[in-house]
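Input: one structure, supplied below.
A, B, C and D are the chain letters, set down in written order, and residue numbers restart from 1 in every chain.
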Amino acid sequence: MASRTRTASLGASLILGLIAVAGCGGAHGGAADSQAAGTHRGGTLHVLSTIDLEHLDPARAYVTSTQDVVRLVYRTLTTYAAAPGRAGSSIVPDLATDTGTPSDGAKTWTFHLKEGLKYEDGRAITAADIRYGVERTFAPELPEGPPYARTWLAGGASYQGPYKGGDLAAIATPDDRTIVFTLNRPVADFGSAAALPMFAPVPKDKDTGVGYDSRPFSSGPYKIDTFEPKKQLTLVRNESWDQKTDDVRKALPDRIEIDLNLDGSVVDQRMIAAQGEDANAVAFEPIGPASVAQVQTDPTLRARLITGESENTRFLSLNTRRGQLGNVKVRQAIAYAIDKDALRLTRGGPIAGDLATTILPPSVAGHVDGDPYPSKDGKGDPDKARQLLAEAGVAGGIDLTLDAPATNGGKAQAEAIQSSLAKVGIRVAVNEVSGSSYWSTVGNTAQEHDMVIDGWTPDWPGASTYLPIVLDGRAITKQGNNNRAQYDSSAVNSRFDQIAALPDANAANAAYGQLDGQIMADAPVVPFLWDKAAILVGPNVVGAYGHVGYVGRLDLVSLGLRG
Amino acid sequence: MRAPSTRAAPLRALLLRTRSVGTRSVLANRATTVSLVAILVLLVAALAAPVLTALAGTSPTAFDTGALDANLGGLPRGGFGGISSAHWLGVEPGSGRDLFARILYGTRVSLLIALAATAVSVVLGTVLGLVAGFFGGWADAVIGRVMDLLMSFPSLIFMIALMSVAPAANRELLLVAVLGFFGWPYAGRIVRGQAMSLSRREFVEAARALGANRRTLLFGEVLPNLAGPVLVVATLSIPACVATEAGLSFLGVGVRPPTPSWGQLIAQAVPWYAADPLYFLLPGALLFGTVLAFNVLGDAVRDALDPRGGGR
Amino acid sequence: MSLLEVSELSVVFGNGVRAVDRLSFDLDRGSTLCVVGESGSGKSVTSLAILGLLPGAEVSGRITFDGVNLVAARPAELRALRGERIAIVFQDALSALNPYYQVGFQIAEAYRAHRRVPMAQARRVAVRMLERVGIPDPERRAREYPHQFSGGMRQRVMIAMALCLEPELLIADEPTTALDVTVQAQILGLLDELRRETGTSVLFVTHDMGVVAGLADEVLVMRGGRAVERGPVDRVFAEPAEPYTRALLACVPRIDRPVPDRLATVPPMEATR
Amino acid sequence: MIWYTLRRLGVAALLLLVICALTFVIFYVMPDDPAQQACGKACGPERIAQIRDTLGLDRPLYHQFGSYLVGVFAGRTYGTGALSVHCGFPCLGFSFQTNEPVWRLLVTRLPVSVSIAIGAAVLWLVVGVTAGVISALRRGSLWDRAAMAAALGGISLPIYLTALLFQYVLVIKLGWLPHPHAVSLFVDPLAWVQSMIMPWTTLALLYAGLYARLARGEMVESLGRDFVRTARAKGLPERTVVLRHALRPAMTPVVTVFGMDLGALLGGALITESVYGLPGVGKLASDAINSADQPVILGVTLFAAGFIVLANVAVDLVYALLDPRVRHAT
């Protein structure tokens, strides 16, 4: 059950009170630059981050921000294309020669490694190292990672990881450059899943268990020089990396310094001033709402603002198993009442993205335009909502509790929801949950309340890691639950099965798009924003574009500095 | 702080002092008067918040996105924090909530918590300090140790930690309890010392010799003589509580939204300090003014009660 | 010419209290004048006024010391006189000695304020003075702090400090009041002995008629800041002219443990506010 | 003196133990499940159970507290087998967020807090005490009234208001200073001063006010002491009277308060570090609290308490050195 969006969309960025903002129109500002600059090597690139890098260990790296960074340090079987716009969502080979060969009805996947792949100490990367890397994700001591290996690999349910259980039979390495995965079910997009950090090689003798998190061994163009959590990560060139084996990474700067845990407004102001070393810097996170005015009114700053699209949708989950929310009319009333424009304004206005009307964002294949709960400028339709509440027999109003992250941004969104629902007589109490435990709390069905400020980014492009994970009633678990609406419709569930069986990916995407509309009619969730990220880059930086796979953050592997 | 020698001394001294001559006292009196008036105005405004906001036609929670420029990230329209006839002190960026109403309600919350917390700490401190100082022995030993312990706590960090794990309900009450709990040793220590020296004074000895029982001594002789020092502690504890409550709310562990408090308003204004400085300046200035007024008043009370203390 | 001539001396404090009111007296070289009166009679204020140690109080009239008017003297002139030519012994030696410094140092410091000598030499003077006022083992005691001394010993230290520069005038402001009777007698004896040895004039302030008899050449009785009666000690004791003096004399046998006189310490504080 | 020192240290250790126990209990009753915290995101029940076992959360409270204490003094080992992690002395556990040993986090944050605290302390001591002493010497003068009014204003200034105002005016509007960021004194002294000057001034404004008032009060009292009059009566120059006889006793209480304040500041200038975004111990604390990172919260609380308690002991010892009466009484 994937949830990269969690941290990407809410957890991490809101912890620091800096709210993601995105630009208007989806322009990909830096794209033209990247060709012009492609050749200059050298210099120190600075990355100013308001958030922390949670886990560098490939078995544990599961938030988009970290994945963006670790792509500089280690390679995976496949990876996202390094390209602006929706082209970035295509999966390309990385360590492997192709995106994998399925057989046995997609229950067996074979990858071959390229030649000349080396670690930072010059030794060759072998298939066994990739197997070991995947096996590590089974170790309970290394939690947080994606669950795919555990759920898909044959015999994975009982495997305890390489520290206790030896090797996993489901992964075979017939030779040093071939790796074969045997799955317990057909998985059509296993090749896409192989872009996740857990498919990176880990040499067994370098594995320091939990300690590996602070210094993973490099297979990419950069190795870790120093890492001080919550402070700074410094990357230097890995001289053993060979550009010829890598079509994705440009590796232009000699050195990359990522300053962590900075204050949002400080990053914005430093990027705006761009003095000294800051001319060679990029912001890691979108600019804050408070800086939008300054940037929008200054043409030179606007030119340095890169807007990236994302696959992230923000929505309000309505817990269909609680009280009046079991009544579809009440849910629809809420869908009408929510002032999406006010919610977006708490994140900086139109620059933060487009008002969402469906669950699947336009950037995801299969998206179908539609707006079942229209209102003027997205400001909500209280009359319609009141009417529906009256029909539901609760005209006198109801009391609901909203789970929100205890961050400036989370509080602001909670207040906006409070304010719009107050207009239709729904009194909302806010339950603040500390940023880091937010997802584990709302993912615990015993601790979840009536409504949850929610969101989702797929683990790889496509609707298959979207709707079935967020809205399949059979996927509801007591802990680590992703179906926060606790929506369980037998019609929808069986439709999921039918779509999963479709052989053609395009047909499946189209079917998901249609199903999106069907689910929206039931209003288990109220989508309100399709995120965009508007990020400032320094005047000396070239090759900047927002990458759709990293929720619109800059694709770090393509950045370079003017000579 | 020295003990006044007779029962009625504190109040008499207070009255005498405010009528005393000399330029310095006159100046001090003017500042004191201004402070007193400011505090009274603030209290009245806080009490009358619903009336005043009704007059202004605003509410502290209603969003007014029309007052904001969405393309500028939700900055108030028209500069100066969006001050207009509809919004007397401008609006909050990002939501368009009326600042006048929010500040007014924030005043209510901040002052209420500070006054209640002061009451808790002073009552607790007086009772425990009295017990420790008057009875001595093991009661003194236990209470003294507890006071030492509380005063060597990294109290701000501890309060924050405590508030962050505390449940979401009744934040105001919780703040009062936490502030009061960590505040009482300051009152307690002073009361203990006073009670100790008072209980050895001649007039208490005399009363004891005349056969007065402990309760009569405590309430008849010792307690009235504590009125002065306790008044000083209370007056100076209010601004401390105001500041601490603001600090806690500033750090995000105080009252919960949408309830405004000064600290919370300033915390929300932090990201906006460059784009909309009025947003932090208004509640900040009010907070500063209030703390200053209470401090001036506290000084005046202390000077009046303790002519020798000379501005300490 | 008298060593000290006080004429029409008035001291008014900032709060309007007139502590001394047109007081006149004089003191010859080598003689002892006892100023007697109850608490608040202005006797201690008078002694402080002579040294110019009443900041914030309004002092008028004349205090002529060896021809110099101290009331009009510049601070530097006064400073040169203090300790060197006019020394004082206060009532409460514990509070009058600085608790932070060794007594030897405090005496040496007084010496060095007027004599350009190395510290070591001044310390030797201090030890000698301690020996002279009857402190046993003076070498060691010089390195001790005031709180390590008994009341009587502390007063001896004060006297040593006052006399280390052999002043022409010694003001003793109730030097024995805080002591118990036997120690009182020792200190009085010491003072008398030293006075005889050095020929210092003494202005002895006390409220205790009992100590006056054996010590004074002349007596000045004060009440409410004014002189009530003045004359040679024998005459005043034998035939007091004023009823107030008679009353004071009548008190003598009954006062064995007097109430502390706060006036000596309170006025300078109040005066400045 | 040695015996006195030992006794004070003993009391301090006991105090720390009590604080440790209290903090531990409070975080034990915390609603957030530590195992769920440590587990992070996609986390199934079986994994939570395993983490509980590793962290020893299924054992009774006193047992956990015992292990914690043993860890503090002798280090401890979490988990078993190949993945066991040893946490050396002084072990305050590992951060749930970053898996860093809490002790290392604290030690790496300390230089920033020290930079802030020491610089600010020098500033406020010099400014505050000087102003207070001059005020005491010139009571009622224009200087006195102005200084005391300023001091009252200073102590009433909320840190975040000063900090934001400074940043708005000095950084944004005038561009005189860069945004504060953590620079080592030893790497770039000029940048260090530039980025620290605002935090220093912010704290110093507050504390200078307090110290001016304190110093003035103590000095006024000291100047009225009998021994100061004695010093004047000895004919000592006024400078000697003031500096040697009045100032020294007046400074003893100032030193006491200073020790306590410095101890508290070294434990993290919480709001200052938060507003300026400086990665000191205070920022570590507020971040840990925001992310409910219990081992770090516990660690910082203990660490800060340790500083305060040690400052207490230091103050007592310095007091004894300063005041012969205390020295001989013990």
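We take it that contacts are C-beta pairs under 8 Å (C-beta built on N, C-alpha and C of every residue); 3 or more make two chains touch, one makes a residue touch a chain.
All figures in this text were calculated on a predicted structure; none of them were measured in a lab.
J.: Of the chains present, which has its C-alpha mean closest to the combined C-alpha mean?
T.: Ranked by how close its C-alpha centre lies to the overall one, first comes D.
J.: Going by the average position of its CA atoms, which chain sits the greatest distance from chain C?
T.: Between chain C and every other chain, the largest centroid distance is to A.
J.: Distance from the CA centroid of chain A to that of chain C, rounded to the nearest Å?
T.: Their C-alpha centroids are separated by 89 Å.
J.: Quick one: report the Å distance separating chain A from chain B, using the average Cα coordinate of each chain.
T.: 46
J.: Express in whole angstrom the distance between the two chain centres, defined as the mean CA positions of chain B and chain C.
T.: The separation of the two C-alpha centroids amounts to 51 Å.
J.: Could you tell me the distance, in whole angstrom, between the mean C-alpha positions of chain A and chain D?
T.: That gives a centre separation of 39 Å.
J.: Two-or-more-chain contact residues of chain A, please, as numbers and ranges.
T.: 269, 406-407, 434
J.: Tell me, which residues of chain B touch at least two other chains?
T.: As it turns out, chain B has residues touching two or more other chains at 164, 252, 267, 270, 273-274, 308, 310.
J.: Mind pulling the chain C residues that touch 2 or more other chains?
T.: Within chain C, residues 269 contact more than one other chain.
J.: Where on chain D is chain B touching in the complex?
T.: Per the stated touch rule, the residues are 15, 18-19, 23, 26-27, 29-32, 139-140, 145, 148-149, 152-153, 155-161, 164-165, 167-168, 172, 213-214, 216-218, 220-221, 264, 267-268, 270-271, 274-275, 282, 285-286, 289-290, 292, 297, 300-301, 304-305, 307-309, 312.
J.: Write out the stretch or stretches of chain B touching chain A in their complex.
T.: 61-63, 65, 68-75, 93-96, 164, 168, 252, 256-258, 267-268, 270-276
J.: Which chain A residues qualify as touching chain B in the complex?
T.: 17-18, 21, 24, 264-265, 269, 288-294, 296-297, 339, 341-342, 344-346, 348-351, 379, 406-408, 411-412, 414-416, 418-420, 422, 430-432, 434
J.: Using the touch definition up top, name the residues of chain D that touch chain A in the complex.
T.: Contact set of chain D toward chain A: 32, 36-48, 50-51, 54, 79, 81-83, 85, 95-100, 105, 108, 171-172, 175, 178-182, 276-277, 279, 284, 287, 289-293.
J.: Hey, which residues of chain C end up touching chain D in the complex?
T.: 48, 51, 53, 75, 79-84, 87-88, 90, 92, 95-100, 109-110, 113-114, 145, 147-148, 161, 265, 268-269, 272
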